[in-house]
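Naming follows writing order (A, B, C and D), and every chain is counted from residue 1.
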Amino acid sequence: MTRQFKWDSGLGLLGLLLLFVGSYIGLFVAPAERYMGETQRIMYVHVPCAWNAMLLYTLAFIFAIVSLWTHRPKWDAVTTAAVEVGIVLNALLLVQGSIWARATWGVWWDWDVRLTTSLIMVLLFAGVLALRSFVHDAGRRATWTAIATIVAFVDVPLVYFCVRWWRSLHQVQSTPDTVAPMMVVPLRINAFAILFLAIWMMAQRVRVELARRAQDQVAEPERIAPIGGSTNA
Amino acid sequence: MPDGVIVGGWSYVIAAYSVTAAGLIAYAWSLVHRRRKAELE
Amino acid sequence: MPSRAANTAIPAVQTTGLGKRFGRQWALAHCDLEVQPGEVLLLAGANGSGKTTLLRLIAGLYKPTQGSMSIYGMDPEQEKLACRRTLTLVGHDNYLYSQLSALEMLQVWTRLRGVELSEEQAIDLLREVDLQDRRDYPVGGFSAGMRKRLTLLRTRLEEPKLVLLDEPFSALDASGQNLIEEWIEGYRSAGKTVVLASHNLPRSSKLCDRAILLQQGQMLWQGTGADLLNHVGATA
Amino acid sequence: MSLFRQALTVVRKDLLLEWRGKGRLISVLLFGVVTLLLFSFAVGPDSTLMRAAAGGFLVLALLLSSTLGLSESFRVEQEQRAIEGLLLLPVDPIALYYGKTLSNTLFLMLLAPVLTPVALILYSVQLDLQGLAVLLGLWTLAAAGLSAPGTLYAAMTSRLQSQDVLLPLLLFPLVIPVLMGAVKSITLILTGDPMSQVSAWATLLASFAIIYSSLCGLLFPHAIEEGI
């Protein structure tokens, strides 16, 4: 237990440190972008959040399949953890995206393909957690969480293509593509920072889940000695 | 998107970074809190 | 009585260390049970003693938390459908669609078993439980006893070797209870296995070859039906 | 083969129940009509605006009615635990899933002949016979797309206390591709399709239905492992 505690808090601290370094470079060292100016600096947290949210959802999908296959509590715990941390990053992504939209396009919301898809994604996976919270039996809760996660994940590419087609009649908003080397460095650093932080969060969430499960793990009552009676069949 | 360069915009950057930090801290705090509660019981 | 010869055969039901936990509550624990083919076994015990849980575990409606189980030598996990073909359970619920008639209910059940039931056969069956005049009426209008009788017909129209009955006498009048008794006697002579849970000890203890008393999810006592009456009388 | 026959038995039983419980069917139909009416009040008496939004309203009426139909189809199963009676029989759960999905699809298709004329009249849209046929085809694809995941989720939520909230919560975000595809294509049918984009949207609707009916068919046996 104490050894496990060390690896994930170490990773968490490393993530925190990297986030400070990356954000420092992003905010104060990297040059301002040609057209977008300073607002482009939002990208150094925005894009890492997006990458990691997608990564977590993909992991959740894989964990869900394993959970359905093995019925082991630990796989249910990691599936839930990945979904939940994914939702947190996804929610941050939405807020950052909204601020970005306000700064560049002058509106708080734009029906941009990625922004719209991430809004639908957050709703899809929030549904998984909602379903989960209503099921009392631990075994069924694990199975249903896995099923809902798989069903939700398969929808993501469909939604993405759909929104793209839906938007194709309108003009497509440009996204910054002029990238100087000093812009790549903070992006990469922050991507790993968020990844490490996400792993730390997942580890904590897994602990919560396993601790809750452990409460239910009441040992079988002691065997009552059978009394009397003839045992002829 | 306007033609020229967007001047300034630091306020948006600060808002985005603060929201991110606040979100991460709030979630981390809830995790620690929930874990303590679950492990104590 | 199925005695020595039956004992060498594969047991109809065999459980080893079977246990089921709901949340933090063990509904059933340390259940080592062997039911011989052709045996009529009575599960007795107070409410919440684990009778229903045990029956539902055997029927495959619950997955055991602990232990293992076999139905006529088959593993319920591996051969789920084969087990379902072998056994039938009539539990507390009636499994009815209010808007269907008695006849239609029977047809739905048999068709899903892959058997086509002719109308004459269906009417014969309904006559057994005295519902032949009601065959075209929606079951939603039936009384509790009539519904119970209709549902108990499931044990007649299917050909399972293992009949599981949870409180078969409840909601039935005296004639209905006599009928079920007759059926159970018939199953015994046909070599079928019956496991029933009942609170109606005077009736069911006479019927059974063996009785098991459950208490707080554990098998406390076993013996003959007559002994059970004495035992319960002595402790009560 | 027996799988197919079992599924058909389930469909037959569901259709019979639907026929006997006509009151339910009529209530859902009326609900659809009422929503269509409400949408027109929401947009106001501007007829051009209404005509432009007619496709969207029609599909939204279908979507809102679908959750009623889906949860109703499992309420009947839960009333006297009839579904447990089915699960106790040697029935393949996959047959149960496809039977219920097919009967739910048929149920949603029944909404078309009522809701379409009402929408055409209320929103004063013209449609020729060929357009009507294409619309029915699209409606069928949308109904199948809604039922495929809807049946799985309705089965799962049918025993939970908050199924009335939970089912739409799970289903609505999931079926956004169906919603978009159906709205876009039906609107194109109603307002003219100069670039013949309808077939692309129809392909999307069909893919959704195929992907989800196969995926949910695989998952359904797991969902009901311990009964529902």
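By our rule, a contact is a pair of C-beta atoms (placed from the backbone, for glycine too) under 8 Å apart; a residue touches a chain by one contact, two chains touch by 3 or more.
Given the structure is predicted, the values throughout are model-derived calculations rather than measurements.
When I count C-beta pairs in contact, which pair ends up with more: C-D or A-C?
C-D
Which chain, with its centre taken as the mean C-alpha position, is closest to the global C-alpha centre?
Central by C-alpha mean position: chain D.
Would you mind pulling out the distance in Å between where the CA atoms of chain B average out and where those of chain D do?
Computed from C-alpha means, the inter-chain centre distance equals 40 Å.
With chain centres taken as the means of their Cα atoms, state the distance from chain A to chain C in Å.
It comes to 48 Å between the two C-alpha centres.
Averaging over Cα atoms per chain, report the distance between chain B and chain C in Å.
Averaging C-alpha atoms per chain gives centres 59 Å apart.
On chain B, where are the residues touching two or more other chains?
none
Quick check on chain D: which residues sit in contact with 2+ other chains?
225-226
Listing for chain A: what residues touch at least two other chains?
If we look for residues of chain A contacting two or more partner chains, we find 137, 139, 215.
Output every touching chain pair, sorted by label.
A-B, A-C, A-D, C-D
Any idea which chain D residues touch chain C in the complex?
Touching chain C from chain D are residues 2, 5-6, 9-10, 13, 16-17, 20-21, 76, 79-82, 84-92, 225-227.
Can you list the residues on chain D that touch chain A in the complex?
149, 152-153, 156-157, 160-162, 166, 169-170, 172-174, 176-177, 180-181, 184, 200-201, 204, 207-208, 211-212, 215-216, 219, 222-223, 225-226
Quick one: in the complex, what on chain A touches chain C?
Those residues of chain A that touch chain C are 136-139, 215-216, 218, 220-221, 223-224, 226-233.
Quick check: in the complex, which residue numbers of chain C touch chain A?
3, 7, 19, 21-26, 29-30, 36, 39, 63, 66, 209-210, 213, 215-224, 227, 231
Hey, which residues of chain A end up touching chain D in the complex?
Listed in rising order, the residues are 68, 120, 123-124, 127, 130-131, 134-135, 137, 139-140, 143-144, 146-148, 150-152, 154-155, 158-159, 161-163, 165-166.
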